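Each chain carries a letter (A, B, C and D) given by its place in the written order, and its residues are counted from 1.
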Amino acid sequence: MALDTIAPLAEETRPTRVRESQLHLMWRRFRRHQLAFVSLWIVVAFYLVAVFAEFLAPTDPGAYSARYTYAPPQGIHFFVSDENGWHFQPHVNGYTTEIDRKAMRRTFVVDSEVVIPVRFFAPSEPYLLAGFIPMSIKFIGVENPRDPFYILGADRLGRDMLSRLIHGTRISLSVGLAGVTLSLFFGIIIGGFAGFYGGWFDGAVMRVVEFIRSMPTIPLWMGLAAAMPKDWSALQTYFAITIILSLIGWTELARVVRGRFLSLRTEDFVTAAQLDGASDWRIITRHMVPSFSSHIIAAATLAIPGMILAETALSFLGLGLQAPIVSWGTLLQEAQNIRTLATAPWLLAPGICVVVVILSLNFFGDGLRDAADPHGR
Amino acid sequence: MLRFAINRLIAMVLILWAVSFVAFAIIQLPPGDYLTTYVATLSANGDRVDPAAIDALRRQYGFGEPYIVQYWKWITGILLRGDFGQSFEWKAQVTDLIWGRLGNSILVEGLAVILTWLVALPIGIYSAVRKYSLGDYLATVGGFIGLAIPNFFFALILMYLSFVWFGANIGGLFSPEFENARWSLPRIWDFVSHAWAPILVLSLSGTAELIRILRANLLDELKKPYVTTARAKGLSEFRTIIKYPVRVALNPLVSTLGWLLPALVSSSVIVSVVLNLPTAGPMLLRSLTSQDMYLAGAIILLLGVLTVIGTLVSDLLLAWLDPRIRYGGK
Amino acid sequence: MTKPLLSVNDMAIVFTSPDEPDIEAVRQVDLTLTPGKTLALVGESGCGKSVTARAVLRLLDKNADISRGEILYDAAQDGPVDIARLDPDGLAMRSIRGAQISMIFQEPMTSLSPVHTIGNQIDEVIMLHERMSQKQARERTIALLDQVGVPGARDRANAYPFELSGGLRQRAMIAMALACTPKLLIADEPTTALDVTTQAQILDLLRQLQDDFGMAILFITHDLGVVAEVADEVAVMYLGDVVEQGDVYEVFRAPQHPYTQALMNSVPRLQRKAERQRLSPIKGTVPSPKDRPEGCAFTSRCPHAFAPCPNIRPERTEVGAGHIARCHLLTQANVEEPA
Amino acid sequence: MKFSVLGTAGALAGIAIGALMLANPVLAAQQAPSLDEMVSSGALPPVDERLPENPLVVDPVESVGTYGGIWHSALRGGLDNAWIARTVAYDGLVRYDREWKEIIPNLAESWEVSEDSRSYTFHLRKGLKWNNGKPFTADDIAFAVELFKEPSYGAGTFIKNPQNPVTIEVVDETTFTLNFENPNGTIMDELASVNGLTLVSLSKDYCSQFYPKYNENAAEEAKAAGFETWELWMTDRCGWATETIRWANPDLPFMNAWMIDQPLTGDATRVTFKRNPYYWKVDTEGNQLPYIDGLEMRVSDSVEEITLLALNGQIDFQDRHISTVANQPLFYDGQEEGDYRMGQEIQSSSNTMVIQFNMNHVDEKRRELFANKDFRIGISYAIDRQEIIDAVFTGQGEPYQVAPRPESPFYNETYAKQYTEYDPDKAAEAFEKAGLTKGGDGMYTFADGSPLTITIDTIASLRPEWPDMLELIQLQLEAAGIKMEINNIDRTLYYDKRPLGDYDAQVWGGDGGLDVVQEPRYYMAANAESVWAFRWQAWYNGSTPEIAEEPADWAKQQMDLYTQLRGEGDPDKRAELMTQILTIGQENFPVIGVSLPGDTYYIARNNLKNVPDTMFQAYLFPTPAPYDPFQWYFAQE
């Protein structure tokens, strides 16, 4: 004898609604979160850099130059003056360099006379973009490849910091992404089943998770890294590291997923689906996962920074990735000394990149999470 | 409550056992054993090594026995005699080596935890209650920056800057003159003037994490009807929030101690190396690389125990805070 | 007739949100509450009855705002106060909440803090509004719990909500609400979450308590059955408007507003099978406040809707002693009468 | 100028100096003021009674010094015992002189060598005392020999050398003779080196209590003390020579200038040493040494911290860990600020990096290739050494093969310079000769066309510049058509791979640039560090027969020569033999070098005196110990 019987309420037909509208709503709420929105674009930008590394990097990350070790950054100037006044010509200035034998270092003096024109889409020796697209122009470069061109300065072997940074971006960001994808995979599968079936399986999984998380990770990593086959190539180590990282990483995601599952399992629309005789798999994939995909996305995004930081940490310990692989971690490892801090601070650039990217990823992920939150405001 | 505690204790014992097993497995993972390292260093010094002598040592140290046997010896030694075995590299009893350093670890990490909470709590509450306010943004940004800086990197920069600006060395936990002095005001001050750096560095990332969690939890709680009930009683906004939603939001937070600790321990390993802290970290690092297995094993085990106990404490705390769990008994 | 305790006059409540146009959830509400009497506020979910109730205690969310009208609360001593003008977090308002006006909520489970004993939660109100020590407060609490029929009050005071059945929880809620013997009790669907038998008990309890304490009750519900049981007067809300109000007997006997009539028809009466006629549910669905016509809100579903309905707001028309309705039909009727 | 002949030249000199000492009897020795009060209180006998009859008279580097001061330095982690060895521990029977030319008396004031150089008789100073006042006699030496004869005890000393067993015979309190089964020409060098300290590091009086032979319940007591076996307890209490554990036991008697004050325990954050009142050396004015009251070493796991300490002037003398190429500009700029100076150190090492291709590779094809001299020549030509020197060493050093240093009497320009010029054409030529064929991609492959990639192992943690150099070499070789991988691995794995023999090449420092005779690892397959022919040296040393392999004839020839050398008493003959070995090495060019290491440097506070401006930097000659730190002193401001 309740009114509801006559006045149909906005209750039924939930799952479908949920699915379309939730992501949509989420996006709407997300856009409101300016900081997160900006961050999103920063992240995108970085990943673009990662993809087009070869094109964007002025030189090969390994290309060294004995004459320009620890060369300080060059400023880019836009105008040159000659007899007929100033005219537009983007360029950098050359250095005059001599070796100070006593102090054992090169001293660089910017020589404003020497004008080295900078041009965009400068021709270069052919290379493969992303490993398969043959190209022979760089985004930016100098006419004569022998001329010094160090916008962000050079490292101890006279290698262009900018180029190394760009290539490092590719490795570090992809490690993060790959690691998270992997953990996500484990996380959803394991956490999903734990949450969906509950019972002893759930218990077991949770114990395992608890156990893994109660282990200090560094020793775990060290042990595993030390056990890595000696003759593995750079690439293999790279993948091994991502796997090792996700071995720890999946637990967090598994927890999230499981939690959501537990709470959703009892929801009407799931019961409804079960009554319709839908298979568990179908229920999980078509009904449950979509209904909290937003949370998963958020959680995953928030897991990436951890991965990146872990990679740098491992490199610092001399485990994980090692030179000549160029990653932010290895670059930072090379900057881990007083000499750099004191005389070549520009080598800390990777540190700044790490901070920026991780900041953005966090804001982005946080924005997503707030947005995913059904009662957002 | 008691039943709950007992359940947890049993669970803990099981986990501890697993920890010990894994710890031992990990230190066994790398190929070769300590003696390969030892021989290596000797011959690197242009020193002669008599294979017979090495074999003798091998036998003494009981290498080459099957894993299970070694493990059994090890674990029983610990349980029955509290004997963690020999450190090959130091040629000394592991027990003589680790306690001091472990103590330091606990001290530093403990302080870090405390600082983390002191900072995170008010900020977290504020940014949840004043969601999307300027303060909220500042807090979040600040927190995230803390989260984003690789801690070893931060430590190094701190050390360098304090050298450049104050000409002071913040490495270690004490300056030489106080190293072995007994506790006194000046010594405490000296400790503070050194320890602030690692504690700051360590608590940085944890703080950000806590703020985020607390904020999220609190946001959920603030929407719950009982908050309205509280308001309807005529409680002031402040009291309402502190007594109810915050109180409830704290529960999941308490359980974060569980992961906060292992994270701290891990990062403290790195930070300790940079800042030269006499904690278990650097020793662990060294022993792992030189395959000083019993030392490494003991440290991993004890750090594991430390964290597991930490988790247990946080669980009990949680139960004490949250009747639902306490009576749910699970 | 005793002077009203609380009168809401021409109140409107607007919800603002950053990326949508404002919504006037409550368009025009006039209510009067008299001590010792129960006013039932009836309407479908989302018609704005709960909002109205919360407005009285100024418990609206930050994005809701009383845009028009007044809430005059006349607490004997220092003349009437207009609650609508008070600072929601101010001392004045807080000293009214819980002490003078208190509220019972729909879901006793979520409306009680899960981590505090109910005793603790009740003591709090008492100690807050009346100078009492913890001990005295607890004594009072136990007395109250006893009074609201919680068996073994002394022990139950130390119980946590989740340890109690739904019924007991609601009783505890009530005890909390009555802790400071308020002059007005707002009950927001206090029985919806409960099973039928418990419902009945709770309603009895409320009625009986009203006799004991003599407070006024504002009873929010969507259940006409309950209304019939507890209410002295009834106000019917539709989409933010009070369309009809008056003595419950009057209204039930001769509902004037088409909506009210529809409601009545939709309620089954107990009859012999043969004599039963089919229930006639209201056609169409409740439109959202956004596309509510300028005129009568019910237009879109009204069987008698005609020219003026969509555009002109019908006047409050007195159709009997204290029986008021808002419908153009009524005004028409008055016009035609002489002919 | 006779490097190789240290042994007996030293012996003669020894006698000479010994005589000289007797000639100037020490009168009225003075002691450090810090000791006066102890003496007057009777806690300590007067200095003359503490000193031996003829203390060793040390010539100060600049001038007679003044007492006092603490020498601050730093250990990298608790296991950096090498620094203690280089500062405190270096006091054997004999020692090297400051030119690293001769072996001079130390605890032994003289010695004689038998014709067949099988038996060596030493004469200790009369009245030497351990730092606990107990006499130091031939019995202590005998005890050490006896103990290390135990198959189950100790490692890494000539006493345990299976190739040439030794026995000791004690003539009287101060005289004893070491009798070797085979002629031993290198023992004096061993005794003078940092590895020769075992003999004099154990006080029988103290250590015998842990030895079942002298104390039947030693085993039980060990158990009671929580040690499985008596050996473990002995090691713990009586750590020998320079073992880390030795510095953890303050009760252990010492013969060094400083003795333990705060021991090096596991959780020690600093180690301190204080003057040994019984030290047996005096300066030319009869002041008992050392001048410096004590040492304080901060135990730091962070090189950065140590660097900062040095820059901050909180370190009085240090080179270890901090004197890197990278830090040089820092320290140079910091001299004013930190009130320290930088001194020159000439490295004993002959090369910045030695590339050792594995001639005993388990894979047939690779073994053949790496054993092929032309291949190695090709690689050597393909390396642009000057480029590397400029990039990695800021132009310091010169292209150099793995050959004796210019300072060495064995220096031979052709050996040092052969194949060092950068010449792609010659490289190509050599590769062709080695039977490699260029593939379509311009990369060389094996003769059968199977792809060729060489993997070079390195340890970044050990020498940061190695990966850098290898990265450059990688590019250079790539240009020359050789694919190369850098395999940066942990030290232990590095050593584990050697017996397995499945590595292409490993890199290491250029040991044996000055100590040619003592460390011939790169000139011939001499010891386990000859990674380029690990299985050959196994065959030679018989240490690990299971992997031993019969060497190529030229290598065998070298081994025969070296065996002769070991047994040869006459210095000139030994020099000659060594030269022959080197000539064969030069012909067969087993390993590839990059460049001659430039000088490195030390940091010394400006008020620290008697420190030579130039030192040799080596381990067997444990810099700075041979420069007599006990005669360093702090100038009073």
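Convention: a residue touches a chain if its C-beta (ideal position, glycine included) is under 8 Å from a C-beta of that chain, and two chains touch if they have at least 3 such contacts.
These numbers were taken from a predicted model, which means no experiment stands behind them.
The chain with its CA mean position farthest from that of subunit D is C.
Chain closest to the overall centre, judged by the mean of its C-alpha atoms against the mean of all protein C-alpha atoms: B. Chain pairs A-D and A-B differ in how many C-beta pairs are in contact, and the one with more is A-B.
Rounded to whole angstrom units, the spacing between the C-alpha centres of subunit A and subunit D is 47.
A separation of 27 Å divides the Cα centre of subunit A from that of subunit B.
Centre-to-centre separation of subunit B and subunit D, using mean CA positions: 40 Å. Rounded to a whole number, the gap between the C-alpha centres of subunit C and subunit D is 94 angstrom. Residue positions of subunit A touching 2 or more other chains, listed in rising order: 226, 336, 338, 342, 377. Of all residues in subunit B, those touching 2 or more other chains are 30-31, 156, 160, 285, 289, listed in ascending order. Touching of two or more other chains is recorded for no residue of subunit C. Here subunit A touches subunit D in the complex through residues 62-67, 69, 99-100, 102-106, 156-158, 226, 230-231, 233-234, 318, 322-324, 336-339, 342-343, going by the rule given at the top. Chain contact summary for the complex, subunit B toward subunit D: residues 30-32, 36-40, 42-54, 56-57, 60, 83, 86-87, 89-93, 95-101, 104, 156, 159-160, 163, 167, 169, 171-174, 176, 179-180, 272-276, 278, 282-283, 285-286, 289-291. Those residues of subunit C that touch subunit B in the complex are listed here as 54, 57, 59, 89, 94-99, 102-103, 105-107, 110-116, 124-125, 128-129, 160, 162-163, 173, 176. Touching subunit C in their complex are the following residues of subunit B: 224-226, 228-237, 243-244, 247-248, 251, 321-324, 327.
Considering their complex, residues 303-304, 307-308, 311, 325-330, 332-333, 387-388, 390-392, 394-396, 455, 460-461, 467-468, 471-472, 474-475, 485-490, 493, 496-497, 502 of subunit D touch subunit A.
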